[in-house]
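Order of writing sets the chain letters: A, B, C and D. Residues in each chain are counted from 1.
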Amino acid sequence: MTRFLSDNVTSACPEVMKAIFEANSGDANSYGDDDWSQRLGGRVSEVFEKEVLVFPVASGTASNALALACLTPTYGKVFCHQLSHINTDECNAPEFFSGGAKLVPIEGALGKIRPDDLAQAIRGAGNVHAAQPACVSIAQSCEAGTLYQVGEIAALAEVAKAQGLSFHMDGARFANGLVGLGVSPAEMTWRAGVDVLSLGGTKNGCLAAEAIVFFRPELAEAMPFLRKRAGHLLSKMRFISAQLEAYLSDDVWLRNARQANDMAARLSQGLAAIEGVSLAYPIQANEIFVELPDWAVSRLEKAGYEVNDQELDEQAPPRFVTAWNTQEDQIDSFIAALSADGA
Amino acid sequence: MTRFLSDNVTSACPEVMKAIFEANSGDANSYGDDDWSQRLGGRVSEVFEKEVLVFPVASGTASNALALACLTPTYGKVFCHQLSHINTDECNAPEFFSGGAKLVPIEGALGKIRPDDLAQAIRGAGNVHAAQPACVSIAQSCEAGTLYQVGEIAALAEVAKAQGLSFHMDGARFANGLVGLGVSPAEMTWRAGVDVLSLGGTKNGCLAAEAIVFFRPELAEAMPFLRKRAGHLLSKMRFISAQLEAYLSDDVWLRNARQANDMAARLSQGLAAIEGVSLAYPIQANEIFVELPDWAVSRLEKAGYEVNDQELDEQAPPRFVTAWNTQEDQIDSFIAALSADGA
Amino acid sequence: MTRFLSDNVTSACPEVMKAIFEANSGDANSYGDDDWSQRLGGRVSEVFEKEVLVFPVASGTASNALALACLTPTYGKVFCHQLSHINTDECNAPEFFSGGAKLVPIEGALGKIRPDDLAQAIRGAGNVHAAQPACVSIAQSCEAGTLYQVGEIAALAEVAKAQGLSFHMDGARFANGLVGLGVSPAEMTWRAGVDVLSLGGTKNGCLAAEAIVFFRPELAEAMPFLRKRAGHLLSKMRFISAQLEAYLSDDVWLRNARQANDMAARLSQGLAAIEGVSLAYPIQANEIFVELPDWAVSRLEKAGYEVNDQELDEQAPPRFVTAWNTQEDQIDSFIAALSADGA
Amino acid sequence: MTRFLSDNVTSACPEVMKAIFEANSGDANSYGDDDWSQRLGGRVSEVFEKEVLVFPVASGTASNALALACLTPTYGKVFCHQLSHINTDECNAPEFFSGGAKLVPIEGALGKIRPDDLAQAIRGAGNVHAAQPACVSIAQSCEAGTLYQVGEIAALAEVAKAQGLSFHMDGARFANGLVGLGVSPAEMTWRAGVDVLSLGGTKNGCLAAEAIVFFRPELAEAMPFLRKRAGHLLSKMRFISAQLEAYLSDDVWLRNARQANDMAARLSQGLAAIEGVSLAYPIQANEIFVELPDWAVSRLEKAGYEVNDQELDEQAPPRFVTAWNTQEDQIDSFIAALSADGA
């Protein structure tokens, strides 16, 4: 039974599993000196229409924290949304990898940072008492399940660049954002000013595969050593690279994301039609935050669904997440459980 | 000419200088194994009416950051006011010394944290994705120049203790707070729930002397090593300890603080009497934040005073600080400059 | 073609691949709250005949560095062999994860530390100027491909324990050691004094799976947070746990290791029979270090084998490694290439 | 009574104390923006015959560790003598400040590294598994109390530079080395290839004053922030700078060092004349290592002298240290105690 708890509870998609199996033939050089890893840079460069440097890792936390460690000195500041995953859900990984940089949380409606608020927050450059402004990090799709429009990304990047800061995107749900906006990978990243992208695969059909993508290769100088030092240079790297190669080929990632987004739309429509239930934010990707009255929580729990308990943020409404393999009948069962008479 | 920029621009007081000179006689064991340092624990214990452990250091940043490093694991959270010195003016020192802990900034009027807001902010204990709530740090006097009442300290400590957190006080201007409240050192610290105090001397008459005071010695286990590892175990420690001993003897620290506070009162009265000028916060210690119209800034600058440019916080009103050696005529000259006709 | 460069160039064994595929069915709770991960502790406890705590990770470097981070404070010392992997091949990962602990390299014949040398090296406890002795780490099998006898392990552990240090074993090739000695997992670890084991799977048939095994659970208190903070708590952890479960079931790990060791024996016998070629160390597991005259290097390279260039240690003889899937005919081809007339 | 335990047990010299007192007049800008600190750069540049950048701090450990943190990345290696202070006596400060760099200990007679051994030790550049060679650090005078000749320094620097490494000198006893060699500050540093010098004052007449001197200013970019972040940017910095200014003026530092060295010569001559007592190393500065028979230790202890117990290095012979204020009669009393009949 699908409970819509997160997209990281799903299995891996057939194309990715097939790639893992095919990669499991014979010896291959270790630590990324294999054919799969060697091909991956070309594949990603093609997808993003730009020569990029790619560093595969096995977890999203590593992907974000390693990227940020390349962009900020130990005495630096990373500007991010108050609810951002890097600030609330990674147990100080960015601080650890960067050697003690400070995350500066910025409030903002719909999980998004506004350019004015960012400009206001960036202070103290050159002042030896202040941690030094170093980079900005946004998530796409973001923590409220909403999307930055391309123009919004560009506006934030412009603020960052004007102050000499670099610009990072946490793309744990990058494909969902891409499909949601209907733009190209290039448009949503480097053309809008993104310097480094943490490109997620795990939540959208991979088994465990993320890629750190540098649109400005000169920022990646320390990365090979930082990745090794952190235990994220896997010896049998071919198995990560093979996942990513399959994921980014034949539109697998887009197809998976489209299914997730479509099911989120269906789920949200069902929810919105129920009296007393209301959507907390616009539905733009595959996460749905919803205001539920007590009777609705009871019905869902009785039917076996779990409603998040908001441990980390009391104000946060319950969240339901669809995934690459969510099916219409699963949505319909959920809505039916919630709509049931005589609960 | 005194410009009231900060209390750290002052010279050291005669009693402290005398102690340094007297300590400069003959050989003495190094690294704190000297007579002055050995006596210091007793002196501080007497002052605080409790057996304490004392670790002298030469800077306030070290005093705060070392204390916090004893109270939080690398994956921990320190709860503090958004404007606190540890959060805004120490260039990531707390993050550095703690190995990457996260400072969680909390807003609050008059530079103070309210217990409800603290209780609301402490979340995620036991949740492996969340940095773990570890300690609370307040400043007394605080960043707005205001004071926590003893009951307010106790209320915050109670919130902290109820969640298993320890409680730290940044006492860079501890004596000013003490004199301002008119209570005993014990009442303002451990009796109200403070576990560790960073006791300042430098701003109030010392040359360079701060003391980390542990009211719960079991929290200090790692401190000797952390202090050495950070280069803050001075070889000729006697010169730091001698300062602190003189500072805490014969009411030197209280007399110095009283003079500073009295002069702040005089300055604030003078300011409040000028039409168009208003005090931003109540004056409770030796810092004065004041709303100045443009003509007032011009007059002061013409007379040679410097008005802070609020580099780190645009909203912050200009600040003037009195010190242990501020004299009445200095205050009067300042007020005269501001009140001058024909500016 | 197998080139005997390392056991980490191999594919994963069928049992492990089957487990991955079977784990890929339906949703499962993330971050180790899945059935596979929940079962794993029991499986490992059974194998080691003791209730243990197990933390799966995806890389050997992470497994070692996380274990050491639990055993040493930031101001601590880790005693290890000069040639140990943690000292020479992990790009400062132990220093990173521990927050700056010092690795103290100890020389010793055959890649092994002698108890007397260890006892001599452990100094400075309680001396605030000295980094504090915290733990001892050995590898089994070790960097010279040799094995510590159970009594040798116990003797080192005794030295460590007598000084209050904990004892860690880098078991990247643990199964090869086990088969080489012909003892039980319990005998080679906790019964001999090992507190924490980094148990390798990747080199011996897994795709990417290692387990940190705590024989003294009280040492693991910080581990959940350290693992998460380092990005090594994978969201789809079931896929790591499933590998380990299959690996440790039905003697897969022992059978794989036996094959590797047997092939190493065959290879070493072939090598020793060639005039001018000599084994550098006794062959006790699956690594072979061999002194090769120039003509031998030429012949091997001409036949397509790669001879290590000893970049990190000029004195080190070339190394060849057999693995779980090495076949007799591969050995025989290698020996034939080396023995060839008229090369 | 002088016990010759170390030169850090001494008082400060009159010139330095006078400078502190004179600096204690009126207000002065804080954090190094004062007249004394502003003048210091010029003074040091004059002394070293080169435009340098100078960062005063209060402790030698901070001076070394901050310098090294500018010269090595977190994944770097610092090559140093096995007995060097940075390796044995700073409780992991270099590891802490650098964020986890590795100190690679090199053996060498008389406390000195030989160029061949250094060249042999520098390995692994560009190899992602190896911590990256980053800098070389030597002490002058060194841990055996001996001196590198200028040519020896240049030879080591040449090895370092040929591999792209920077070169640091721990000059805790720099003046003693200078006087011992009879060369100029420039000759013993940048002309021989030194990039950064940790210039000691505390052991040779200061109260607490050290200076980090950059001969290549481009290496100092991060230093202001690293110093602040470590709590080593003192607010009343004028008191450190004033010490250094006085110390480096009117030959105070050289005169102090000459006295110390002269007394060491006198002490060593006295020791060498006693049958059964022998000098362990040549006496070239102000430290004397001496092989003492048991009866000699007994006599000294009976007379109130303390003989080091070699806690950190069993093989190390006892050490006696003379200082800027050691007097001939103190030497003579010591020798007399040791020579006494009927002990």
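The rule is simple: contacts are C-beta pairs under 8 Å (C-beta built on N, C-alpha and C of every residue); 3 or more make two chains touch, one makes a residue touch a chain.
Keep in mind that this is a model prediction, so the values were computed, not measured.
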item: Result of counting contacting C-beta pairs for B-D and B-C, higher pair; value: B-D
item: Identity of the chain that, by mean CA position, is farthest from chain D; value: A
item: Chain B-chain D separation of Cα centroids, rounded to whole Å; value: 34
item: Between chain B and chain A, distance of the C-alpha-averaged centres to the nearest whole Å; value: 41
item: Separation of mean Cα positions, chain C and chain B [Å, integer]; value: 51
item: Touching two or more other chains - residue numbers and ranges from chain B; value: 31, 74-75, 90-92, 96, 99-100, 128-129, 132, 225, 228-229, 233
item: Residues of chain B that touch chain C when the two form their complex; value: 31, 73-75, 99-100, 128-129, 132, 222, 224-226, 228-229, 233
item: Residue numbers on chain C that touch chain D, as the complex places them; value: 74-76, 88-92, 95-96, 98-103, 105, 120, 123-124, 127-132, 311-314
item: Interface residues, chain B side, partner chain D - complex; value: 1-3, 5-6, 8-12, 17, 20-21, 24-31, 57-63, 65-66, 90-93, 96-97, 202-203, 207-208, 225, 228-236, 239-240
